[in-house]
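Notes for the one structure printed next.
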Amino acid sequence: MTDKTLVLNICGAPYASLAPLSALRFAKAALATGHKIQRVFFYQEGVTLANGLSCPPQDEINLTKEWQKLAAEHQVELAVCVAAALKRGIIDAKEAARYGLEQHNLAEGFVLTGLGQLVDGMANADRTVTFNS
Amino acid sequence: MTDKTLVLNICGAPYASLAPLSALRFAKAALATGHKIQRVFFYQEGVTLANGLSCPPQDEINLTKEWQKLAAEHQVELAVCVAAALKRGIIDAKEAARYGLEQHNLAEGFVLTGLGQLVDGMANADRTVTFNS
Amino acid sequence: MASLHQLNAQHKLANCLKLLAKTDSLVLIEAAVALAVQADFLQQLPQGVSVFALSSDLQARGLLNNCSPAIQPLSDAEWVAASLEADRVCSW
Amino acid sequence: MASLHQLNAQHKLANCLKLLAKTDSLVLIEAAVALAVQADFLQQLPQGVSVFALSSDLQARGLLNNCSPAIQPLSDAEWVAASLEADRVCSW
Amino acid sequence: MKASNSFDLLVVFTQPPLTASLAKEGLDLSLVNSTFEQQTGLIFLGAGVLQLHPNQQPDILALKGTQAMLQALGLYDINQLFVDEQALLDYSLTTADLLLPTESCNPLQLQKLLATSRNVLTF
Amino acid sequence: MKASNSFDLLVVFTQPPLTASLAKEGLDLSLVNSTFEQQTGLIFLGAGVLQLHPNQQPDILALKGTQAMLQALGLYDINQLFVDEQALLDYSLTTADLLLPTESCNPLQLQKLLATSRNVLTF
């Protein structure tokens, strides 16, 4: 049962759902028991975790930072569905330029990408686990 | 039944809910039948409508722009709960400076304000109508 | 002192029914208009409750013609009027 | 070819039950752990389904000690193991 | 039941604890409402009665929970808490089990609270 | 029922039309899945059967709807659509009423579809 490859699919927003927090618990437990998280995909409202401008109260968990930390420590890819993100106003510098916007907000460590990355992940990982809103 | 004062309380996000769209329909019908929209308050996930970086597909309705237009034409106040907004990464230039952030994204025409504006609205309007997620 | 209950999702019906008095009204909006074509919906309501559903929401989902005759379709203007006629709107 | 059904909200139970085979398992997570202390929950399930609930989610809500003995609390590590032992995870 | 209750705002909690931040946002609003000298009543409906379940430990999930806010209600003169009698039965609870003093209400009593309040918000 | 079905991905629709953008996002994923040569099956469960209700006019709400995407499924070789027999009864529908050809399934048949698919996503 050790050394399996996992893909996590996060579809719920922080605050409106517990999806990013539950997925974080799952990811930590998976890594601690010898498995690999190949990719975390953010779809639907889940893309809002990648908003780099969120300022939670100081005494509350900052889920965006927690995911950035986990991804950096364990080389986990944080892939954000670009179509879902643009609709919801999560945008990197490159897309902002393309849309003529002066500001951008994609948090460091997250990458805008296509739905194909989720499909590829589901096809190749040993197990895909979704966290809904 | 004419000339009543209304407050609308929008608690659901665009895409994840129909709250901003239903409230827009309600507001247009209310204005068309002679009533006044004193204030629109955005709470919970509703604050994400005020994200000025959202780029919906060109063939889809842009709800942020629709609300900006309605507000400008009818002098409607678009009040966004500041605590709910900061947590979710909806931030104006002033708050961004306070938090040491280089970017900001509050859409034009929306104002960050306290929950007191909702309480004041409910206490004084003839009717408050909430649009949940 | 009647309330207008505004229901926007089917799964919120159980809680709505706890506060729905027989002198109150219920308006189905958004995806909750699906209840208007559901076989056992009306018999769950207390006798006497007036039930409305937003016309545009029904029509957008193809349900206007299947809607039970006991449920009255409302234009957006009638929705605003019903919200003002009631003593309060309780949104679920 | 058994599935692990991951349920995170009480109101999704009705749809989950439509796909829940008697050889499948069910894990209650997040606020759905409230089902673990609800009087008529277990009798809605097909005979034979193994039911789990996340220990931390129960404890965070004060429900660990009230949880039915027929429901097995899972640590996060056991949750991962259960997700890998099943043939697939169906998240509601 | 205090039959003459009439609230400026009735806040209705319908979800179990730690369902998104719904309960927290409902309590924030209740407290602000009270600072505006508006009479506030709270109803715990359906699974919302679990908001008052004792021994909650939200810190286990690194979450904040609402226990401190619930304890603060009294300081804001919010003392009228009503719980859904049927929900207590569904979750095998009595009012004595709950975190705060509450009044158990049958459907007609709950409906009367709504019928006599100026505004209502559900969370 | 085509007993030998075995899908790489089963996409389950559970909500009525125009419930947020859930159905659209499920269909987007189905189409992309197909372009990756992955076998895709769709189940319309509970109120999800209304996704296939005829005469939808989402433009009345200035919304886009999913009719064009549903019509495109065949071009992507997605022809296996299954509907929940009980839900058809609940909404007084038959498969003949629906926008696309579908197969009506009882609970055991629905459960078998899940048991023989590699991955599943619910919308």
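Just so it is clear, A, B, C, D, E and F label the chains in written order, and each chain counts residues from 1 on its own.
Definition applied: a contact is a pair of C-beta atoms (placed from the backbone, for glycine too) under 8 Å apart; a residue touches a chain by one contact, two chains touch by 3 or more.
The UniProt protein names, listed by chain, are A, B = Sulfurtransferase TusD; C, D = tRNA 2-thiouridine synthesizing protein B; E, F = tRNA 2-thiouridine synthesizing protein C.
Keep in mind that what you see is a predicted model, and the values were worked out from it rather than measured.
Looking at the partners of subunit B and subunit C together, the chains they share are E, F. Of all the chains, the one whose CA centre sits at the greatest distance from that of subunit E is F.
When C-beta pairs in contact are tallied for every pair of chains, the largest tally goes to A-B.
Chain centres here are C-alpha means, and the one lying farthest from subunit A is C.
In a homomeric contact, the two copies may use the same or different surfaces; for subunit A and subunit B, over half of the interface residue numbers are shared, pointing to the same surface.
Computed from the mean C-alpha positions, the centre of subunit A lies at a distance of 34 Å from the centre of subunit E. Centroid to centroid, with C-alpha atoms defining each point, subunit A and subunit F lie 27 Å apart. In subunit E, 18-19, 21, 61, 63, 118-119, 121-122 are the positions where the chain touches two or more neighbouring chains simultaneously.
With touch defined as above, residues shared between interfaces to two or more other chains in subunit D number as follows: 30-31, 56, 88, 91-92.
Multi-chain contact residues of subunit A, defined as those touching 2 or more other chains: 15-16, 18, 25, 44, 60, 83, 128, 130, 132.
Listing the residues of subunit C that touch subunit F in their complex gives 9-10, 30-31, 33-34, 37-40, 56-57, 59-63, 65-66. Chain contact summary for the complex, subunit D toward subunit A: residues 6, 8, 29-31, 56, 75-77, 79-81, 83-85, 88-89, 91-92. Considering their complex, residues 1, 4, 17-19, 22, 25-26, 28-30, 32-33, 35, 126-132 of subunit B touch subunit C.
Remark: subunit A residues 9, 43-44, 83-84, 114-116, 118-120, 122-123, 128, 130, 132 touch subunit F in the complex. Of all residues in subunit B, those touching subunit F in their complex are 15-18, 21, 25, 59-61.
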